[in-house]
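Going by the order they are written in, the chains are A, B, C, D, E and F; count residues from 1 in each one.
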């Protein structure tokens, strides 16, 4: 090997890797919170930031305007760690049928992989949190979008959730689902 | 080592391991389907069958009476593979906001880790399927039980799912939730 | 991300994934047991069922006619979990030089990764079991086929197993090996 | 299982897990930067925040006063993802003998597992960054502390780094090493 | 953290770990080859060398006198890498029913996890090889010892291998098996 | 599957895999130690020996002439296990600010992943050791080469290591660094 140093993280050849491959500027822009949930998720997953490939980690900013909510959701492929940067956040996850975990945070909260959880702006002004994931591609399944912004057939939703037809149709109308 | 054979799977000393440690009889009994979902899940996870510890696999039987449903649920820690043994099963998972996957099966279906999915008896008589998991402890989070059979506070459910208060209260009444 | 849901399991783009990618019908057909071992293995590994890629799980049906035997074999890449569907099965694995594990089962048995094991029809009529694996590609090395249905040279077999030349040649004749 | 929900992340029994187990307040306090490097590292690793056990992720705050430096260091067990919260940071890692990666950041930078890297306050006022790791116990080996704040014998340092004896002794004096 | 260095590999507290915990002298002694296979395996697995715990690697010396053979065997939990130190070695593994891989080596050979393989002294004088494993506890299942030095019942061996009764009894006699 | 054996380790089709794919002869040649460190590293990583792909293991020979030194270095992606074949070796790793681990070896030493370590010829004549790694691509970062044989800017080295400018320039001169 003639003592040449090597590293095992790049797919590019070492001579072609530059500082830009491991830096990303997309989180600097505030997310647009003019929407139904008054919140925005700005991810730096491997789809946005290719340098994360193989590193087993990723990051996202959550902007929550006053009244903002990140609805119940799961990340099928990663645990999450939230740090509050600005404002007050109420967050929680549902770990079993008989336990509800929610807490007013000034700082850090962990959400185990695959469990339903949410974040709510608990203050009067806007809030900002940064969340990181134990995978470069954590995935995201927002419950309401899975049910009501999809083409998942209404009769199947009713049969598998016991939510009544009228509400399913109403929420599909609001969120743009079909079926 | 004097050429003595060893294996790396037992926590018991080899001399004390018996055939019984790797066999389990709990799946032989039909599940009781006299309940609100007309279905029963009989698991052989590591909690029931300690021999699975470290093997990365587990199994469960699903009995579905006529009209039976396994409601929308996730397994935070495992992918699932279903084989239909008797009857006809309609099953599906929701993989994105715009895709609904459901199919009438005679045989095998895969459910990726952490995604919402369901099974419905699509026939006139009872059905039986055997499902296996890519972990000895797959976990289970049934959506309706997480929301309506728990102490997760009603205002938080409303705020994070847009399901209306009346329905949340009604379903908590049916399923036995509080908060 | 504009709150669009994503999942991290498909190599196809979400819009192109259909229910068919995660369903497989090949296990519905009974295996042909008119052979020397009076048994058939019908696999749904990732080679047969591409939807299993990345899910860490796979399945196979074992049909054993009366007198059927799945000879001693290993799976280099997976543990195995067997459920008896029909008939009576005698199965076991060899975990050390001094331990023989075998049991008449009505139901479930686990086989740790990489250890020699077998299944025998212990009843008077045909038997069916479904086995699942903790990998989408468990591999299979049947001892007799590795030795006697291969081109592994006879002198090397004799030298490394102490089985005598006459028997090696006889079994190569029966099973079709060369060398 | 009587359909009771379970999750596979807690070592405590579900009934005893509370919201406090997954929340941590230690990052809210500004680090003390009155030291030789004008910087402070405030970790929330599993040693500080037991709820991270098994989640594969952890976090730390870096406070850098004007002129502050986090000297060259490695994390043997994790990749790192840095987000700049306040101020301007110059950071980089050394990936091979012929490549130096450094960049003035407003936002995000990734450091692959095990490679030497550093962070410098590149602005006139104090800076704050939050770094996360792809392990709940990333480890930390600061080069100067490993060499000059330890009891690693001076002759061995000289022989294995080519740094001259006088400088080794001087830096051991400053940093408090022995040997 | 007051910038104190930490590492994540010791179970002992850092202050109590000494150089002796990571060094092992058991391989220095030549193995006793006065036995039926004219060979000896001297392992440094985690059972012998506790410092390997968690490092994912282990080592063994193989001494082969003239005519020595390490019979067909598998390692259920690890791949193996052999380096010839002295003498000439013939080694191979059986990767499928139709492929036999064997080669006269002067140097290095790899054996994939879980596959049957062997080593033979191909020279006139004694040989020495050092083998390493991709696990601190690779396991070892020697085919002949599993079958003929165990209590695995003779009728089951015959039924699952097609080796005839007379040879099974003869080899059980030589190797000390029962059943 | 018609009972055909398969294995899950080759990317080549089984029919095209030959013994040559799993054997490698590059370690047989003594390394050239006529250099500044009087030592040579001859690797068989996956870059040199493609058959190691996916096996999680690799190997290298270290030749140390009298006075030879492998300077302080890390392997970002693997633990290391050293066996002394010839001569006397002094080796050690730095596991914390207060612990120095070094030992005169006749035999085996383990180096945990990612920690700084070194090897020195402690005898009067040449020495040979074989080291193996818990990855097929362990990576290598030699401290002096990372700092002084690279284009890492001198002012940044001074600022992040407290090594004085004169010595950085001198060592860059000796080792051929720029910046």
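FYI, a residue touches a chain if its C-beta (ideal position, glycine included) is under 8 Å from a C-beta of that chain, and two chains touch if they have at least 3 such contacts.
Predicted model, so just to flag it, every value in this text is computed and none were measured.
> Compare the two sides of the subunit B and subunit C interface and say whether they are made mostly of the same residue numbers, over half shared, or of different ones.
same
> Return the chain pair with more inter-chain C-beta contacts, choosing between A-B and E-F.
E-F
> Taking CA centroids for every chain, report which one is farthest away from subunit F.
B
> Roughly how far is subunit E from subunit F, going centre to centre by Cα mean, in whole Å?
About 25 Å separates the centre of subunit E from that of subunit F.
> How many angstrom lie between the CA centroids of subunit A and subunit F, rounded to a whole number?
Each chain reduced to its C-alpha mean, subunit A and subunit F end up 40 Å apart.
> List, in ascending order, every residue of subunit C touching at least 2 other chains.
4-7, 9, 76-77, 92, 96-99, 102, 112-113, 115, 139, 141-142, 145-146, 149, in rising order.
> Using the touch definition from the top, list the residues of subunit B that touch subunit A in their complex.
Its residues touching subunit A are 69, 71-72, 74-77, 92, 94, 96-100, 102, 112-116, 118, 120, 139, 141-153, 156, 159-164, 167, 171, 174, 179.
> Taking the touch rule as given, give the residues of subunit C at its contact with subunit B in the complex, in rising order.
4-7, 9-10, 14-15, 17-20, 22-28, 44, 49, 51-52, 54-59, 78-81, 83, 85, 92-93, 95-99, 101-103, 105-113, 115, 130, 132-134
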